[in-house]
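Read from first to last, the chains carry the letters A, B, C, D, E, F, G and H; within each, the first residue is number 1.
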Amino acid sequence: MDDFKLDWERIARTGTAEAVLCDPKSPSQVGAIVAHAQSLGRRLLLTRLDRDKLDRLDVAIRQALDYDEVSRTAILGPLPAPRGPARVAIVCGGTSDVAVAGEAARTLAFAGEASSRFVDVGVAGLWRLMEHLDDIRAHRVVIAIAGMEGAIFSVLAGLVPSAVIAVPTSVGYGVAAGGQAALHAALASCASGLAVVNIDNGFGAAHVALRMLGTHVTLSEPTSRAQA
Amino acid sequence: MDDFKLDWERIARTGTAEAVLCDPKSPSQVGAIVAHAQSLGRRLLLTRLDRDKLDRLDVAIRQALDYDEVSRTAILGPLPAPRGPARVAIVCGGTSDVAVAGEAARTLAFAGEASSRFVDVGVAGLWRLMEHLDDIRAHRVVIAIAGMEGAIFSVLAGLVPSAVIAVPTSVGYGVAAGGQAALHAALASCASGLAVVNIDNGFGAAHVALRMLGTHVTLSEPTSRAQA
Amino acid sequence: MDDFKLDWERIARTGTAEAVLCDPKSPSQVGAIVAHAQSLGRRLLLTRLDRDKLDRLDVAIRQALDYDEVSRTAILGPLPAPRGPARVAIVCGGTSDVAVAGEAARTLAFAGEASSRFVDVGVAGLWRLMEHLDDIRAHRVVIAIAGMEGAIFSVLAGLVPSAVIAVPTSVGYGVAAGGQAALHAALASCASGLAVVNIDNGFGAAHVALRMLGTHVTLSEPTSRAQA
Amino acid sequence: MDDFKLDWERIARTGTAEAVLCDPKSPSQVGAIVAHAQSLGRRLLLTRLDRDKLDRLDVAIRQALDYDEVSRTAILGPLPAPRGPARVAIVCGGTSDVAVAGEAARTLAFAGEASSRFVDVGVAGLWRLMEHLDDIRAHRVVIAIAGMEGAIFSVLAGLVPSAVIAVPTSVGYGVAAGGQAALHAALASCASGLAVVNIDNGFGAAHVALRMLGTHVTLSEPTSRAQA
Amino acid sequence: MDDFKLDWERIARTGTAEAVLCDPKSPSQVGAIVAHAQSLGRRLLLTRLDRDKLDRLDVAIRQALDYDEVSRTAILGPLPAPRGPARVAIVCGGTSDVAVAGEAARTLAFAGEASSRFVDVGVAGLWRLMEHLDDIRAHRVVIAIAGMEGAIFSVLAGLVPSAVIAVPTSVGYGVAAGGQAALHAALASCASGLAVVNIDNGFGAAHVALRMLGTHVTLSEPTSRAQA
Amino acid sequence: MDDFKLDWERIARTGTAEAVLCDPKSPSQVGAIVAHAQSLGRRLLLTRLDRDKLDRLDVAIRQALDYDEVSRTAILGPLPAPRGPARVAIVCGGTSDVAVAGEAARTLAFAGEASSRFVDVGVAGLWRLMEHLDDIRAHRVVIAIAGMEGAIFSVLAGLVPSAVIAVPTSVGYGVAAGGQAALHAALASCASGLAVVNIDNGFGAAHVALRMLGTHVTLSEPTSRAQA
Amino acid sequence: MDDFKLDWERIARTGTAEAVLCDPKSPSQVGAIVAHAQSLGRRLLLTRLDRDKLDRLDVAIRQALDYDEVSRTAILGPLPAPRGPARVAIVCGGTSDVAVAGEAARTLAFAGEASSRFVDVGVAGLWRLMEHLDDIRAHRVVIAIAGMEGAIFSVLAGLVPSAVIAVPTSVGYGVAAGGQAALHAALASCASGLAVVNIDNGFGAAHVALRMLGTHVTLSEPTSRAQA
Amino acid sequence: MDDFKLDWERIARTGTAEAVLCDPKSPSQVGAIVAHAQSLGRRLLLTRLDRDKLDRLDVAIRQALDYDEVSRTAILGPLPAPRGPARVAIVCGGTSDVAVAGEAARTLAFAGEASSRFVDVGVAGLWRLMEHLDDIRAHRVVIAIAGMEGAIFSVLAGLVPSAVIAVPTSVGYGVAAGGQAALHAALASCASGLAVVNIDNGFGAAHVALRMLGTHVTLSEPTSRAQA
């Protein structure tokens, strides 16, 4: 029996596709999984893939991947064209949250959903959020990403009509180290309409958004790519 | 300045209405808030209202409330007729989770959303969940409620296409006391498409569902009731 | 040696006076301390004095005390006239924080400082805070009191020029139970100019405010009272 | 007095043998222990031996060891032939749990017990577990290994008749980091028949299995090896 | 749909039977479950049933139960005769652990397994354990129950050949309050052959023992009782 | 086998005697233990015995006990005359620590050691400690008792030549609730010469002091008492 | 949209200026922010900038910064001349706290406030603090910085008339690791007049001091520098 | 003012001498402190000095130090001859505890106290401890050092007449990581006569022992060394 068993049937059951969480896997495990997907002609999303681990993959595998260093994601196979204008707003409290925002945006793009990004609009300077509020409200789903004390989660959920998916990040020090303070702020929020995913889990937030929107992923590579 | 300031404008901003969390409030504070809403002819939802506190309210206030002891909720003003068949499935791991399930169902009903309830279908006896799976999958949103180890969150999210809103409950003892084990299980789930609210927060889960569905609450009492 | 030893010299060293934290003391200990202060003709502030414990004090002691049930404070001796208009704004996130707000206000009043109170202005409905912002900004010190996720601490500190003293409260449930979530939100705030005291410590926040303002307490009872 | 004192008598008392936990020991301590066992002609199991530490052992010591990098175990002396077909099933939730699974399997093999391995059968894709269920049920003991939210522990214990020994792993991030979420899920399980060992403790799980099976280890090297 | 759904099929799958955890259930829920089992002629075990809750059950229900106050367990239907001499030793660190020991013993008895009890043999006075060691070693499984620092778990596991199932108890104060210190001691033990269940979970320990022994429960009431 | 097994041999091994921790024991268990000691003519110390539990003991048992309500201790049999002047100083940070101080003092008295008590000398008013410093320094052992932030532990250990035994107390609220803040302050102290016992464990601190002093307890009742 | 959005308006609202927390930012993000400020002719404070990250900035950026390695701060633009003699005392418990003290002092200097530094005056040797007490008391604000058990916070607050801003540091091991013990000691202090900022947050403490003093920062570079 | 201020007066007050905790100090800070002590002709003990940091000291400083790599301690100036036979027994649970044992032994030796060492006598193999018990009992003080579950603390304290000073170590993984499990086991012990110091604090344990023994350190270098 191999070390892995991909759940290709997940799409049929849930509409969303399994991704490969690379962080706890060895380079040889990651390589074998990608090679297996290639052999089946399937598209695949990889998350938490460090540059170092990428560099230890076989060159053929590495070259087949579209790698994005900021978000530490890699995509095997073509990205589908977006289904239309962005329906998901990704709102970051600070500059340091862009890695998690990137993971969410790439996961959405892998499923063919465009997204809009609003960065460094934390509530310590409330006007930064307010000047984008109408834009943000125009989206069907809001993903809010913040570390430290996560006050933006409550402020946003009190201002927009859509569900807000909070992603606490591990950005911070002292009592904020590891993201627990932001996580608890999101869960304890006085503003309702807010749901929370694990710390730094941009991938998970994107999947909740996809299910809300009813987006259905396709993993088979389209013919056009085989020709490319 | 009074002790309270209701946020009637919240509906205009977010589509969902503020509720009165009675647990940390004194009977006189709760009574004053209800009287104020009455004077404005507004509907109002009260949560975490113990029988003891209810009994300490003025009789006129108490009689104006539709109280449900299991869910510890009270409603001022008429319940709207449901908009149609249930779009939200409320799935409980165990018998002891019905109080939280009730809070969610009443919050949905207050907004005119019907819901279906599936109780005691925890994964220790997996067939109990499986025999209801097709029914559950027919709903647009799933609210999953469980204490102890919360394994049902992952199993459900791997089997249904809708977003799953997990409500960990404080049911349990030892390491499960207070609901932290179930909360962490929901957040750490390997199954994606799962978002989490605070422990025992049935109200919050219902509001996330309402926003996902785009349901818009109305608080003004309809004319028909004045006639009743 | 007695069970207590009051630090009357504290005012000479620090300008602020010791108070009697009644919560962990027996009725007989509280009674003995008050009697001792009476015998010296000194004013005294008692905090966390429950109605039950008050009722178990000797009647002579009890009648000498000006008791406030909401804040659970009692004052022996006369309140000084306020030194002038309120220099301290006390801002509460929710209705349930008024007990802690009362402890802070009474501590300030004991020292002759007036305060203004702004209640239930949490950021889930941001306009409630905004409509009082100019008023709040007119005070030299702001004490902010909130439980749950404590998002108001960051929003306030980003909007006012004075130092903000945050008092997390134990109001909340689930991850907010006991006040840890609000405490961590205050400590981890991205907004600077914010300092924090222990959970529910309205007394402590007032003392920080008094030291900032340079207010010096007097404990000897004025002649006029002896005549009363 | 030396730095170590091996408990060779443990087998007589308990049927199971002490192993050398190399993680907190220096290379010279590990080397001295192995040399001592060699001098007595005893077999020995070493756990948590990193490649780096292995490489710092004397070459003679190193060459006497049968090292397995994935499980970080080394064995001094010959492996006994298995007593018969596998009586222990080792079931892993994910690909990343194979290191801990390896430690368990090698510990069993050291005692002459064969085991079967089922990898990446986590409940997010329940069919993966179900297709192996009959196989798993055919074993006398089940060792279940999982990180993240550990939902597989409850599902398995509800489906098999044998005792299930849960090994939470430190695989995960956010609230799952370090393995606490999986540990608590195992302990709080609604399914009975489940017992738990420390996080990542594949060795310990194997020893519980050995005691259940009544397997008795022999440490003296058989004559045949001396001839080899 | 009712509030409960008993998993009668569990025995067929796992050999062990579901019990009713009464602690988080209302008297009416407990009563309904017992009545349902009665109507099916099934035996049933109830755990964590306080005297107060028992007294609030309908008299007919209450009289049908064999209640044991120390262990807070109740049994509906006849106890089977033991299958033979005790194969399980229940070893308690202190006098205060007898409630948990009783829950384990009653759970075993419900399944027809006799057990031996060794009480107050904590390691602060090691001779108390030593004088019973030969007796304890004669059992096929050992359940060890202790609160405070739980040192007995390690000592026992180092002295007996059987698997030791540790049950930490919530007995203790300070850092031992709630049982976390004893739980961690059991999990972190240097002695192998030790597996752990949740704090105070005597029921769970008994079920692990039953699965180790291969005991199969029968829930149908024997004919002889109907005649009684 | 009974529910208890007193370790009378402990004195021979360690010089100090077992006490009965009454908190987790039922009145009938406490009563049986006292009766057993009476039947052997042995002296006995009981700790954490609430007035309520005392009142539920048989009257004969209750009257045989010398009960002290503040410290919640009871003593069976005569107190020995002190061996000489006080060699142990018991220093309390606040008025609320006298219960724990009483438990320590009574434990010492049971062993024939006198002690001196210094109450409410916390470092917020440093002069209160300083005016007693020479007195405190004259003792061979110092037991320091404090809740809240426990700053007195470090200050004392930096000023006296004897070992300081710190007893954190559960007095406090917010982050000090339960005594963890004081416990950590004692353990983390920059001042050396400080050793710590469990929260509220006045009994344990006294036993450490007794062992330091080499005091040897005698439990047999002297002849003179039998005559009384 | 860029990765950052500086809140230049903060000074108008609050009197204090945003700083750039470099720790969680990439070198390219830090570089872009500095370049942007340069292009606007604004002064800027950078905190938690490691030597390694500094060395990875473009040389032009690096040379524009006044870097201090001990405090890990960098300043873009000229330091204003101090407004007068030091009004802030910075008091460190130990040698290891000088990095945090440096961050506070540099933040004050950036705003034109001088400060006095008192190092290694922890209470284990109380005389070291006492010999500087008159000096410390002469300042309008005291910033106290300590790790380990943080006993100095309470001692200081009991001896000076000014507000004391406590900065717990992450210096320590065992229960003091990460600074939680010192944080809790500061929050739980029996001495009033003490307010607390996050662990290691020297910048935050300085900002609280600036707001207390009413100091108003100016960010535009003076003409003289453009000429330099 | 310098970065450090040595508390040479500590010996006069407490009999024990300050040591330099090198871990959080920079090489230049360590070097300056040693040079200062040298200039005064004083002896000095340094703890937690890594080989790396040692190598970064000036060669003159480095050569003046007697460095021991296992215990990471360095001593400036001559070691006094022991006052007599060992009065302190240092007992280690496992091989991995020898670093902490070394720190304790070197601290004792610096004060002229000999000690005996008993290593790898953990209770998983109880006979290892028992065969040394008479030897251990012959010492006036016992320092017990253990990580993991720390069961040896209770067993030892129940068997010896002297006070036992427990030093939990950070050796362990899973729930034992960092030493919290061992710390709590020591604090929660059912065996009395046990006092605890911070995790890994061998230095602190030695100082408690020195104060118990009344040993008085001398720091001035004896004439004989100046001649050497």
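Operating definition for what follows: a contact is a pair of C-beta atoms (placed from the backbone, for glycine too) under 8 Å apart; a residue touches a chain by one contact, two chains touch by 3 or more.
As the structure is a prediction and not an experimental result, all values here were calculated from the model.
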Quiz prompt | Shortest contact path, subunit A to subunit H, counted in steps | solution = 2
Quiz item: When you check each chain against subunit B and subunit D, which touch both of them?
Solution: A, E
Self-check item: Fraction-based call for subunit H against subunit D, same above half, different below
Solution: different
Quiz item: What chain is the most remote from subunit H, judged by the mean position of CA atoms in each chain?
Solution: B
Practice problem: With chain centres defined as mean CA positions, report which chain is farthest from subunit D. | Solution: C
Quiz item: Does E-F or E-H have the larger number of C-beta pairs in contact?
Solution: E-H
Quiz item: Which integer distance in Å separates the CA centroid of subunit C from that of subunit E?
Solution: 50
Self-check item: Inter-centroid spacing, subunit C versus subunit B (mean Cα positions, whole Å)
Solution: 35
Practice problem: Could you put a whole-Å number on the gap between the CA centroids of subunit A and subunit C? | Solution: 45
Quiz prompt | Touching two or more other chains - residues of subunit A | solution = 10, 94, 124-125, 157-159, 172, 174-176, 183, 187-188, 192, 198-199
Exercise. Could you list each pair of chains that touch one another?
Key: A-B, A-C, A-D, A-G, B-C, B-D, B-E, C-F, C-G, D-E, D-H, E-F, E-H, F-G, F-H, G-H
Quiz prompt | subunit E residues touching subunit D - in the complex, by the definition given at the top | solution = 10, 13-16, 19, 157-163, 165, 183, 187-188, 192-199, 203-205, 207-208, 210-212
Practice problem: Would you mind writing out the residues of subunit E in touch with subunit F in their complex? | Solution: 95-96, 98, 117-121, 124-125, 127-128, 147, 171-177
Practice problem: Using the touch rule from the top, collect the residues of subunit E that touch subunit H in their complex. | Solution: 93-94, 122-126, 148-151, 153-155, 157-159, 172, 174-176, 180-192
Exercise. Using the touch definition up top, name the residues of subunit A that touch subunit D in the complex.
Key: 1-5, 7, 9-10, 18, 21, 23-25, 29, 33, 48, 168, 170, 178-179, 183, 198-201
